[in-house]
Structure formats: C-alpha cells, structure tokens
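Next up: some structures, all given as structure tokens.
Two complexes follow with chain A in common, the first pairing it with chain B and the second with chain C.
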Partner chain A sequence: MNPSAERIREKFPTAFVRAEVIWAETTVYLHPESVGDVVRYLHDDEAERYDYLSDVTAVEYRDLELPLQVVWHLRSLPFRRFLRLKAEIPRGAPLSVPSVYPIYKGADWLERECYDMFGIEFVGHPDLRRILMWEQYAEGYPLRKDFPLRGRFSRSEQLRQALAAEPESRYSMTELTIADAFEDLPLEMRQRLAGGEKTGE
Partner chain B sequence: MAEKRTVEVALSTSGLDAEGRPQRIPLVVDDGGRVTTLEAPLSIEPELEGEHMLINLGPQHPATHGVLRLVLELDGETVVRCIPHVGYLHCGFEKIGEYRQYNQIIPWTDREDYLNSPGNNVAFALGAERLFGVEITPRCTVLRVIAMELSRIMSHLVWLGTTCIDIGAFTPFLWSFQERERIYTLLEQWIGARLTTTLTRVGGMGADIPDGWMDGLRDFTHTFPKTIAEVDRMVTRNGIWVGRTIGIGVMSAADAVNAGLSGPLLRASGVAYDVRKDFPYLDYETYDFDVPVGTNGDVYDRFLCRMEELRQSVRILEQAAARLPDGPVNVDDARLILPPKSKATSEMESMIHHFKQVMEGPRPPIGETYVAVESPKGEKGYYFVSDGTPKPVRWRIRPPSYVNLSAIPQMVEGHLLSDVIAINASIDIVMGEIDR
Partner chain C sequence: MGLTARPDRQLVTVAPQSQEGWVATRLDFLVNWGRANSLWPMPFGTACCAIEFMATAASKYDLARFGMERMSFSPRQADVLICAGRVPFKLAPVIRRIWQQMLQPKWCISMGACASSGGMFDNYAVVQGIDTIIPVDVYVPGCPPRPEGLIYGIMMLQEKVKRERMSDERLRDEMEPDPTSKLYIPASAIDELSEPFGNSVHQTRSGL
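Right, the complex of A and B next:
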C-alpha cells in the first residue's frame, strides 16, 4: 500500500472513506467535496510531493444503482509514487466535484473533457465548456451508460442541426467580443450570412 | 537620375473605392518600365494602428498537423491570445471500446496515435494482461520492446520530417521518410500490415517474427545512425534552423510539470521523467540507455532531445536483438489464446475453446488498472475498469499529446505568428490521439 493513503487517513479523517490495493495500485476513496483540500495537501506537503497530474476521468458502471466515480491519477516524480484518488457521487446527487485546476494547470482540458463526456461539473474551473463535442451539442453526455452507441438523434436530425447552426456559433463568446466580427463585415456579406449562407470550414 | 512617371494598373489589392468598384492605384515606374515603388493614395489605406486582428489557423492548414484549429488574436504579427479548438476528429473510441471484447479493441488502438500503432498495441496488451493477471513469456517481452522502439523511431522520424518542412528544410523530410519506409517493410514482414499493425493480442503477439527477420533489424540498426548523423550535420548547426528555434516556446521545468507535459516536451525543460526509467515495464530497467534532458525548454531543445532519443532507441534495439530468447511467444492459456486453426477443426476440446473465445470472449476478474508507457509523445496511459464481463466497463486513453497541446497558449503568446508553426510542430501532436 502506498504510504500516502495512511497519511491521508490521519490528516483528513472526515474526507477519507476507504483505501484499497488492486494489482499493486493504491486507490483512496474520498468524499467528493473534500477532494480539493486533499489534493492541495498531496501537492504541497514535503513528504508527499505529488507534483504531476496524469489523468482526470470518470467511471460509470453498467449497474446504474452503483455511484458514478470521478478518478484522479496522481504521480510523485521525486518519490516515484503513483496514487489513484476516487470520489463517489451517489445516484441522484448533483454531479459536482471541486476542480484541481488551481493546483495543476494540466487539469484544464482533462476536466473539460470529463465535463463534456459525463456532465460532471468541476467547481472552480475557469472555463468549463465542451471540448471534443461542439458547444451547441444537444444530445447529452456521450460516455454515460444511458447514452446509446449511435447517439440520440437520427442522422437527418444531426444534419438539419448542423445546417441550421449560425456561423458565429463556431466561435466562443470571448472570441466574438475580440473581433466584433459580424458588425464589421460589409453589408452585402452580412445579408448573405443572415440569409443562411455558411462560411466554409 | 531618371524622371519618375506613374501609370495606372487595372487591378489592385487594396480594396474598393467609394462606389464599390475595385480601386485603381498608380504604380511608379522608371524609364525602363520597371516598377520601383508603390504609391498608394494614403487616404484610402485603412487605419490599423492599435487594432487587433483575429485569424483562424486551421483546421485545414497543413502546418497544424491535422485538424487543429487555433484562433489567434494578433497585434501586428505578435500573438496576443491563442484559443485552441479540438474535436474535429472525435469518433468516440472510448465509447466503442465499452461494446467490444478486449482483443477486439486492439485494432482501435492502431487508429488513435496512428504514427505509433505498434506502441499502442503493446500498451493496450500490457494493461489488459495486468487486468487478466497474466504473465507474458520472455520471448514476447523482448519482441514487444523491439516493437515499441521501432515505433518510437517511426514516430520521431515523421516528427523530424514534418517539422523540418514547417521550418523550411526539405531534404531531411525525404531522408527520414526513406528510413521510415524500411521500418514499415520490417513490420510488413512481421505482421503483414504497415500502418495499422494490430501487432499484439492479450497474452502474446499476433505473430512470431519470420525467419531471417533479425538480420533485417540488424541491418537497420547498423545503417540508421548514419542517417541521423547526416540529418544532424544538415540541421543542428544550420543558421536558419537555429534562428527559428532557439528561445521559442520556452516552458520552465516547474511550469511543464504543473501543466502535465510529458515525453520529450517535458524532458527538454530539464525534467528527467521517462516512464521507462521511473515506472519500468517490459524489463526496461535491465536495458542500458540514457534519457536525454534539455536545459532551456525551447523548440531547439525539444529537437535535440528527440534526435538523441532516436540514437538511444537504436541502442535498445541492439540490446534486445542480442538477448532475444527462444521459446513460445504466447502464454499457454486456453482461455486467452486461440488454438491453431488445424486443431480447432480436428480436436473437440480445442474447438470448444475456440468457440468460447470467439463468441463470448475471455473474462477478466473484477478490478481496474492504469498502465502507462512511454510513447513517443509522452506518458500514454490506458485505464481499464472491469466488472467481470468480457467487455470493459470503461476503457480510458490518457492521450499525451492532448495534455501537451493544452499548454500551447502558454507557449505561443508573445511570439510571432511564424513561431506558432514552429512551436506547434515541436509539440508533436497527432490529432487522431487528441480527438479519439
């Protein structure tokens, strides 16, 4: 067992749920709301020094009674240790966990992907929006078990939505405020775009 | 001195006049009829002072190495802000994996980081074997090391060639693709496929190497260093190359670790994190090789790190070729490895095993594991969760270039637009892996 698990249990008795070892990898289960504090301790403490965030992801079991799990894979490069943290979100509870972005910049896209695929909200992430799917994607969260493999909408509905999308929708709001692109276009071009013509992509 | 006179040309590039017609502007030519200066009427020139411009780099731009789209806010030619957009190639590999048996997922791993297919196959098989609790044979271990290092060389060669083209050198591209072709020939002799190899199975390999294959490998490891030396002579001290790469896209060691960078990108910043050394797999701790580390963390150091990794991979290949033991390649486990076809059609027991494996698939115990290997791009991880059924509950890819790319705004901001191309090339992204 990774010695960090025991130290987490001593330092954070209220956050610690249980620890288990499987295939020589230690997993520490935590209460979702306290993940931020524990990760902060693991990152900052001189005896732990988990300075590298490998991965953030989530697991939903086929048995829909089981809780949804959010998983963090941490590495300590100085001590060559590997630790898995898990937070279980019970069914019916809001899917929200603290973001570790203030501690690891590398969590930026990993948390966005997790939000995109599972709908988990990472509280404290500065720019939590879809990343692999487009921002107007309305079919739900693809990696959830209730999401069918083929998607929710038919091909024709997907095509209809793609054609109906505004060209500005390919830009985020921050980008549009940089450019004020639409207002600056020539009148004739604005009319064409308003008439539904698409810019090529 | 010749007297200057002006002539009008029919078409110009500076836009429309007040009535919406193309602007006619005077060109200044000397007596010989040569154009010497362009005198555009000042009143028509748009005032661009202090205004920022927004441009799209990609998703069709060849220098973005795939369908990456960068929205850049430019002040003149300097990048003020960079917002990357990914996902154009998303095809839901992880979702599809939840509907496939373990051996059926291996062809999907070919197609994510398609420059490193054998390496992905090996990484996937390692993860699945830990989940199944299987020990692979000694011959298989060494063969997998050979596959991983060949695929590292292959991927680095593509990186070298395309980066040279991006920065303006054409010849190394041809040389590196010639060498890569030789590895493809070796893989073709081994497994029959070149790009999408599907080299491994859970518990073994798709095929043993054919007779005489090691001679081809030795020939390659003997002559390949000469090509590296030639590229080295051509590029490493080339004035244009040095000018385009030194001091560009710098990441400090602390920033790089915090941003989760891995692979040559992290090592160029001075952090000697290599999964092969720090968390060894496939007996890498018994091979004698060095991990090159940079000091400045700029594009030039990343180039130097990758060049040295090519040489170190050749060292590992030589050692692996020398120690390859005889013996079986696949584990002796009828649950996992298909019986030979001749037995499956003639022996009752083998036929049952064959049927059970093909129709149901092998069942791992309940559990989970995260296996990381050092792919050419960095730490490539596969995370499996099993509930005891033949198909994984969750198959997660930890894509190194995805995390590496997420740091691109930090690297490009403040640099020139042309440096964005060099920095993007130095990250060595494969969009198939980023979007999955």
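Right, the complex of A and C next:
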C-alpha cells in the first residue's frame, strides 16, 4: 500500500473513510467536503510532493445508497507514487465537491468536463461551464445513468437546436487568443513574442 | 476554322504531320468533361474515414489521376465537399456554414457509415446522417471505406457531373425545407419513422 494512505489516515482522521489496494494501486476514500484540504497537504508536504494531477473524473454505479464517486488521480514524480482519491456522494446529497483548481491549474478543463458530463459542481472553480457539449445544451448530463442514450429530445428537435445557433457562439475566438495568458508565460517566451520573432517559415 | 466553314477535302488529311485538329461537340459535354476531371475537394475529415481519405490522396492510390490532388482548404475554392467521419451536433452548424460558403457548382460526397447514417453512433451526440443538414450526391458505404471504395464513389460522382445539362434551369437551385411543398415531411413524422429499433428498444426519450 502507498505509504501516503496511512499518513492521510493519521493527519485527517475525520476525512478518512477507508483505503484499499487493487492491482497494486492504492485508493483512499474521503469525505467529499474535505478533499480540498487533503489534496493541499499531498501537494505541499515535503514527504508527499504529489505534483502532478493526472485526472479528475466521476463514476456512477448502480448503487442505491452511494451512486456517484468523484475520482482524482494524483502522481508524485519525485517519489514515483500513484494515489487515487475517491469521494462518494450519497443519494440526495448536493453534487458538490471542492475544486482543486487553486492547487493544480490543470484541473481547469478536467473539472469542466466532469461538470459537463455529470453535473457535479466544483466549489471554487473560477469558470465552471460546459466544455464538450455547447453551453446552451438543455438535455441534461449525458454520462448519468438516468440519461437516455439518444438524449431527451427528438432527433428533429436536437437538429433544430443545433442548427439554430451560430458557429461563432460555440467557438469563442477570445478563448483561442493567447493575449490574456501573456503575463503567465515564461520570461524568455515573453521576450521572444514581444520582439516580433519570425517563425522558421 | 473547322467550326466556321466546311472543311476542304484537300485541307484535312490523315497524314500526322499536317493534322488540322478541330473538334465539334456539345457545350454541355465540354464543360462537364472539364468539371468532372478537375474536382477540387474540400476535405472535412473528422474521424477514421479521414485516414482512409489521406491514403486515397497519397501516392499508392493517387487521387491526382482524377484531377483531385488539389485539396482546397478554403470552401470558397472547392467543388466537392467530402465529409469523412461522424459529425456531432456541435459540428452541424459548422459543416452547414462550410457548405453555404462553397460556390456553385458544388457537390457533396458522404464518406462512410457515420456520415451517411450516424453509423454505430445512434446516440445523443451524433447527427444521424449529414443529409439531414446538407444535400448529398454520393454515399460511400463502409466503416471506413477502403480507398478503392472512395475512388468508386468519386467515379460515380464524375458520371453524375458528366450527365448534367445546362438547359436544366433548376439544376443549381438551393432550397430550404418548404412546409408548403408536397414532399415536405414534418418533424413529428420524422420522429415516428425513426423510433428506436434493434437493441435500443429499451431506450425511451423520456428517460424513464
């Protein structure tokens, strides 16, 4: 078992639910509301150093009590460790878990996809919108078990709604620009761009 | 010269070194012959069919033999839209916009099962055949079609182009669905025709 699981159990006794090992991969089950604190500890602590977030996703099981699980895959590159965190959301409880975006910037689109497909709200995410389906999509959350495979609307209605929108409204040109991210770029890259560097063509 | 005056018997000879070389034909034939042998494709590749399309364009199958080696990545300079792959609903307005940007004369090839009918993707995200969005001239079956299949479809399109008549006034008409037309099928009737079938019988639109 990954030694981090034992340390989580000691440091966060109220958050820890259980841990299990399947195929040499450790999974730690946590209470949904405390995921943010645990991930912050795993990222910051010198003995853990989980510096890479592989995935944020969710699974729905045909379980009457705990149907939905939100899953985080963390990887520690210095220690070469892999840790899977899971939060089980009981039936009827609000579908909301803390966002790990303040810790890993890469969680941005992963959490948006999870919100798009399952309707899980990531509290603290700065820009929680649909990412795969268009923003006006009104049929629900496609990966839920109660979502019919062909969608809720008729084929002709789906097509009518799809064609009603202008393509520009789905593909935001402002999202494609790098001007907004200019200040976040490395210094050397900023200098090259500011100097109007020619490409090799 | 041969078109203006009757050729002189002595002038036209069969000797190769003194060939006069004139030809008389229908204008339709000449125009269609020119169009059919230099169709500029607009590739709209979204999935695995696009890989087969690339193979068709590459050296072994050599689309250049049909005058199609010039891929036009601008719809305004294209003659034939080749939709290779599935089209999700999110792309539906995009492919329609591309079709509207293409200039007449224009044709469309629907390559593969997904573009033609939705294929195996009978689900919430995929358009069930691009002919619900744009008019299609040739459907190429296959999942994906082999290059030979696409080439056969292209040759069928060439046959179709060669049979066009300029005297046909409605040839280039672009019609929006007209509810007053006798051929118009209302959306409710389309739903009736496209009820779940096969292993989808347990799927209902209400989700319950």
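Here is the rule we go by: the second predicted complex is superposed on the first by the 158 of 201 C-alpha atoms of A that agree within 3 Å, B and C clash if a C-alpha of one lies under 4 Å from a C-alpha of the other, contacts with A are read in each partner's own complex, and residues count from 1 in each chain.
Just so we're on the same page, contacts are C-beta pairs under 8 Å (C-beta built on N, C-alpha and C of every residue); 3 or more make two chains touch, one makes a residue touch a chain.
Predicted, not measured: the structure shown is a model, and the values here were computed from it.
Of the two partner chains placed around the shared chain by superposition, chain C is the only one that A:A162 touches, whereas chain B remains out of contact.
In the superposed model, B is the one of chain B and chain C that contacts more residues of chain A.
Once the two complexes are overlaid on the shared chain, A:H73 sits against chain B while remaining clear of chain C. Look at A:W134: by the touch rule set out above, it reaches both chain B and chain C. In the superposition on chain A, contact of A:I22 is made with chain B only, not with chain C. Legend: residue contacts after superposition of the two complexes on their common chain; A:L149 is shown touching both chain B and chain C.
By the touch criterion defined above, A:T57 lies against chain B but remains apart from chain C after alignment on the C-alpha atoms of chain A.
In the superposed model, A:D108 lies in contact with chain B only, and not with chain C. By the touch criterion defined above, A:H31 reaches neither chain B nor chain C. In the superposition on chain A, the residues of chain A touched by chain B in one structure and by chain C in the other are 132-134, 142, 147, 149. Considering their complex, residues 22-23, 25, 27, 51-55, 57, 59-63, 71, 73, 77, 80, 82, 84, 104-110, 113, 117, 131-134, 142-143, 147, 149, 171-172, 174-175, 178-179, 181, 201 of chain A touch chain B.
Against chain C, the residues of chain A that register as touching in their complex are 132-134, 139-140, 142, 146-160, 162-163, 165-167, 170.
Within the complex formed with chain A, the chain C residues making contact are 89-90, 92-94, 96-97, 122-125, 127-128, 132-133, 187-188, 190-191, 194, 196, 200, 203-208.
On the chain B side of its complex with chain A, the touching residues are 52, 54, 59, 71, 73, 81, 83, 86-87, 90, 92, 94-96, 99, 130-131, 133, 255, 257-261, 271, 273, 278-279, 367-370, 372, 379, 381, 383, 385, 387, 389, 393-394, 396, 398, 402-403, 405-407, 410, 435-436.
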